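In what follows, subunit A forms one complex with subunit B and a second complex with subunit C.
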Partner chain A sequence: MIPVPGSVHAMNELSASSRITYRAVRVRPGVARRIRGLSDKTLAWLFITPTIVLLLAINIFPLLWTIYLSFTNYRANRANVPTIWLGADWYQSILTDPDIWAAMQVTAHFVIWTVVIETVLGFGLAYLIDKKFRGHGLWTTIILLPMMLSPAVVGNFWTFLYQPQIGLFNYVVAFFSGRDASSFQMLGDVTLSPWAIVIVDAWMWTPYVMLICLAGLRSIPDYIFEAAEVDRASKWRQFWSITLPMALPFIMLAVLFRGIENFKMFDMVNLLTGGGPGSTTEVASITLKRAAFESWRTGYSSAFAIILFVTVFGLANIYVKALNKVKSR
Partner chain B sequence: MKRTLKALVVACGAVVSALGVGAGTTPAQAQGKTITLCWAAWDPANALVELSKDFTAKSGIGMKFEFVPWTNYADRFLNELNSHGQLCDLIIGDSQWIGGAAENGQYVKLNDFFKKEGISMDDYMPATVVGYSEWPKNTPNYWALPAMGDAVGWTYRKDWFARPDVQKDFKAKYGRDIGVPKTLDELKDIAQFFQGREIDGKKVYGASIYTERGSEGITMGVSSYLYDYGFKYDDPKKPYAMDGFVNSASAVKGLEAYKDLYKCCTPPGASNSYMSEGLDAFKSGQVALQMNFFAFLPGLYKDPNVGGDKIGFFVNPAGPAAQATQLGGQGISVVSYSKNQAEALQYIKWFAGGDVQKKWWALGGYSCAKSVLNDPSFPNSAPFAKEFLQSMGMVVDFWAEPSYAQLLQAEQKRVHDYVVADKGTAQEALDGLVKDWKAVFKEEGKKF
Partner chain C sequence: MTSATAAHSVVEPTTATRRFAGSLVVLYAIITMIPLAWIMLTAFKSPDDAISYPPKVMFKPSLEGFCNLFTTRSRQTPEFIRSLGPPQGLCDSIARSRNMVVAGPSNYVPRFINSLIIAFGSTVLAVALGTLSAYGFSRFRVPLKDDLLFFILSTRMMPPIAVAIPIYLMYRTIGLSDTRLGMILLYTSVNVSLAVWLLKGFIDEIPREYEEAAMIDGYTRFQAFVKVVLPQATTGIAATAIFCLIFAWNEYAFAVLLTSGNAQTAPPFIPIIIGEGGQDWPAVAAGTTLFLVPIVVFTVLLRKHLLRGITFGAVRK
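Let's turn to the complex of A and B:
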């Protein structure tokens, strides 16, 4: 019996595939022909238009608007004040401001040391985990835990860990060094505070680098090592001639990701030190935030944001070219 | 029969819904109006919630509250005002916001309203009117009703001061009895005396003072010292002329004295302390002295561990040039973007009432009304009332210019760099501050 379309009995008896066929048949022939009539190009445009519109609205337009604002005296808290075109005044004043250069130096110290430490430790951990010892899965999970936490949480609880009187960090250092635990303060000392933020970032993000390096190590085919074994290459030689070169693109990718992320680091440092003591840990993002949302110097902060953007973009481009060279080797 | 049943069901339904509505609503909801008051999340805010129940009962207007912790208070609400947000109908905004909020049209000007309702600023303590309501300062242009008087004061461990061993050792060391410090030098002696001392087998420290870098902390603390040493924001005869006033030789000494106190007599790790860190240090029995705003004193007095007989209060001691302290506190304003301005004004009218002000003080808020503060019974109405009254007579406030945030940031940086980060000298810090402030005022088009 052929089910009569529209009847309850008929619908219940329809199988999934016959229901699809049924719906297809129900599409009016005119419409179907019209859709079928669209060219591939038109269809492609139809699919990507929403994405492009969204991209223009939330990325390109704000970027262009920021560029425009960076040449004006605009302040977001004084919308009633007439906007005056200042040309490149803000750029000149930022690039000649010693405080800005101090913030850039703090940022560079933070970026360089975190990236170096995270890369060395991350690769080391990945190398160990790749050996697939007993319980390596459990250890991998434990190592990955810090990067799953929110930077706000990490910032807050490291503030307690660094507390000179009750902090675990000070007690551990005191235990090994024999110093009094409250005789030094990681966050309040000019010499130690830049390292305090480096330690926290390394603790949190080394697992991320490890994960990328591990993917690199696991992508090296076993037969290459087997061939090396046959050729009686030592483990050291295998590491330098096979493991490291083949994992290098992954390591470089991790360096790129961490470099960009830490260049714009804000939340964790803000929670740990607020840029202090004094301006010792005031990374560029904190300076930018203060100018934009505390002083409300919108034009000035737009110019600073553009300078930071160009810096990151330029450095990242140079780096990507180097990465591509390594990959094509 | 069917019709009777139907009528019965309808009647029951009506009774049930009437009961439901009656049980779950306040007169405000009955009237259908609710207004939102924005402030900081702290003890006095809880007192205000309690107090405002009377307003709802009287007017039928419901009250909603948006309280934000101090660390985010300025960011959150200045963002709200700058984006013309309608979250807050009423705002208890910080005293320094008044210039910006008035000039940017964010607060409703209250002169006509005050006149119409018979609210006179003569009924409020002059310092609070200038600090919380007027813009430009010292002109009869009112943008807020003084709501919460506050100033920087001090607490001390009365029980420690009363210990015979402490009294004996202190006298032996300083040749005088230990007691409430009258001068900043005496305060330092006491702090130094307690620093590292063992009390009941526990190591304690001298003083908790403001050193916070991120918002306004260290400026609030340092200012209380600078004023006492003769610091002035500008030439009283020539506005915005700061050379020789901000960076005078005496002001430099004041900054050095604050740094000395920080270096000699604060607990380890106190490089970023503000209100809550001070409270923690005092409540946990770490420090003998604590610098903090009067707003926290009712809560501290009630504390089971360090309150009651164990705590004492004193005003900011005198320095070589003056005795002054940093103004805290806020006025209550109507937000100009609010759609409930009439109801918000109704709240202000109610809040200005004499009985309401009395109850406000009784609940833990700090009234600025003369009717409360000049009452002969006021000094004895709380253990810290006398000190509060004295402090409100000697307060000085930070700049309240529209560009106050930039001015504040500059001082935070210069002062923290010197006091906590050991960068440069006090003279360099204050010279740098004058340079920064001049640049801000120049950008504002001010002439000096």
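Let's turn to the complex of A and C:
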């Protein structure tokens, strides 16, 4: 995966000279002729190295550092205390900690519910939009807007809509259900607050699933349906035997992306509930943030971060294998 | 796409189906737009109207939210306010009607400028690096190509908080904490994976024959890249740039954990706009509205490439 040290050194020298050659080509074609001998191989490395170097510096080096810290008792707010090697102690204590398992369960519930709701709604919308009614382009663009916004700003504003006394959401629910608007607190109630987050997430990300499903539906050639019509297959049958199976790889792709993103979810939860009330909405990212940046247990939180990363990575890999199987069918 | 003959095809939906589907979609679109519309309405309400019950749809428009967003105010006695000269400008007179005087500008403008600098800085870097790498991956035989591409993508799977822990320590050691440069580098590293994947897709679509013809005419490979490929890839580069820009503009987790003052961007700042006695909702709404307007414009510009962008180029239309 990573080039051998010798070639890294050579690449660094090359990238240092790349700026000069760049100018030379633009300004003085005479000099440019001298680098005509630059082989494609050299140029390939010249082009790719800067990106790899940046990722090594900002992603891989920190990742290695995290792995190291996860075996120590290091605390970022007490940098002068001598660091003690603890071995896999943190990993053991995290994996046997019921609070951590509770957080993982909250995360799993959150991921499953949001993905299910978004997939059903998103596919339904895509199916309707695919009927190509007048003005479907304009309405599609309008529907897509929420997913482009900042989750933090959205989460913050939904706290306003969810206010029991003055919030629009409570008012609308009260209006239709006949209950008193201040009789329920979306963000302060143990049973309601997880749903408050699910609603905002679904509001924001259903369009995302819709867009990918729409591409899937549009990729099905018309002649298949024509053949089915000739064979007198009912619309119902056509949907279950043609539309759904053929759009399945796209639906699965959308589920993959949403699943990964929601497993990592931080912004919206942090602003809507901050993990509360109690720890009912404390997803893994919130637990991690509290451990790392509030109680400053850096070694502990590093170990948790690695566990989370391995989990996402492992689940995503298993899922991609399934996706490829469906695709190749 | 649908020609006149296709209208008679057996697979074309009937007019009734279309109307039914259309009305459901329009209904969804309207419901989904209500929260956004509410944000923008609240920005123009007075604080009393913003928190009235039942919520007010009709109200007297006020710029108080925007004034509160851009200024800090201090409460004064009526005698002191009377002793001052005539109010300077609209915001001052609004503040005085509430027994306050404008004390100075708020932090919103500096935070907004930070957002602009960091978003544009990281976008330019990410797109530049991404274009070079994408061309390299698209045209040359790179050893371990698939592994490298997957490695580039996998950096996106880390939860942001997990990345923030070591970055926090690293930046503290090398003096990049709470600096714009630090945030630019961090956002560049996140965006470069998107840029490489998206741009590789776009460059793959440019026929190799163009460059080969240019090279036969005496261009070097590099000249062919600059003079032939880059102009062809302009649309792709622009779309990628907008995606990077939107990510950096919207980013919250890194910003809230790694910046506190100097380099703080707007997303962590907007939620902490507080007035007397709790959150100042019109000011928050005004800040949100100003912050969202560029995104709305970009979404409309991007609508043809959205699908590609959100799937890392995995789905192309």
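Methods note: the second predicted complex is superposed on the first by the 286 of 329 C-alpha atoms of A that agree within 3 Å, B and C clash if a C-alpha of one lies under 4 Å from a C-alpha of the other, contacts with A are read in each partner's own complex, and residues count from 1 in each chain.
Convention: a residue touches a chain if its C-beta (ideal position, glycine included) is under 8 Å from a C-beta of that chain, and two chains touch if they have at least 3 such contacts.
Quantities reported herein were computed from a predicted structural model and do not represent experimental measurements.
S.K.: Kindly classify A:Q185 by the partners it touches after superposition: subunit B alone (first), subunit C alone (second), both, or neither?
M.R.: first
S.K.: Taking the superposition as given, does A:S301 touch the first partner, subunit B, the second, subunit C, both, or neither?
M.R.: Touch partner of A:S301: subunit C, not subunit B.
S.K.: Touching A:P194 in the superposition: subunit B (first), subunit C (second), both, neither?
M.R.: Neither: A:P194 stays clear of subunit B and subunit C.
S.K.: Who contacts more of subunit A, subunit B or subunit C?
M.R.: Residues of subunit A touched, subunit B against subunit C: more for C.
S.K.: A:T273 contacts which: subunit B (first), subunit C (second), both, neither?
M.R.: So A:T273 only meets subunit B here.
S.K.: By the touch definition at the top of the document, which applies to A:P62: first (subunit B), second (subunit C), both, or neither?
M.R.: It touches subunit C, and subunit B stays clear.
S.K.: By the touch definition at the top of the document, which applies to A:Q165: first (subunit B), second (subunit C), both, or neither?
M.R.: In the superposition, A:Q165 contacts both subunit B and subunit C.
S.K.: Now for A:L54: first (subunit B), second (subunit C), both, or neither, which partner does it touch?
M.R.: So A:L54 only meets subunit C here.
S.K.: Can A:A76 be said to touch subunit B (first), subunit C (second), both, or neither?
M.R.: both
S.K.: Across the two complexes, what residues of subunit A are contacted by subunit B and by subunit C?
M.R.: Common to the two interfaces on subunit A: residues 76, 165, 167, 270, 293.
S.K.: In the complex, go through subunit A and note every residue touching subunit B.
M.R.: Residue list for subunit A touching subunit B: 76-80, 99, 162-165, 167, 182-183, 185, 187-190, 270, 273-280, 290, 293-297.
S.K.: Write out the stretch or stretches of subunit B touching subunit A in their complex.
M.R.: 74-75, 78-79, 81-82, 100, 103-105, 212-214, 267-272, 286, 402-403, 405-406, 409, 413, 416-418, 420-423
S.K.: What residues on subunit C touch subunit A, complex-wise?
M.R.: Its residues touching subunit A are 2, 9-11, 13, 17-19, 21-22, 24-26, 28-29, 32-36, 38-39, 42, 50-55, 129-130, 132-133, 135-137, 139-142, 144, 147-148, 151-152, 154-155, 157-170, 172, 185-186, 188-189, 192-193, 196, 220-223, 226, 246, 249-253, 256-257, 267-268, 270-271, 279, 281, 284-285, 288, 291-292, 295-296, 298-300, 303, 306-307, 310-311, 314-315, 317.
S.K.: Can you tell me which positions in subunit A touch subunit C when the two form their complex?
M.R.: Subunit A residues touching subunit C: 1, 21-22, 25-26, 32-33, 35-36, 38, 40-41, 43-48, 50-52, 54-55, 57-63, 65-66, 69, 76, 125, 128-129, 131-136, 139-153, 156-158, 160-161, 165-168, 171, 181, 203, 207-208, 211-212, 214-215, 218, 222, 225-226, 229, 250, 253, 257, 260, 263-264, 266-267, 270-271, 284-285, 288-289, 292-293, 298, 301-302, 305-306, 308-309, 312-313, 316.
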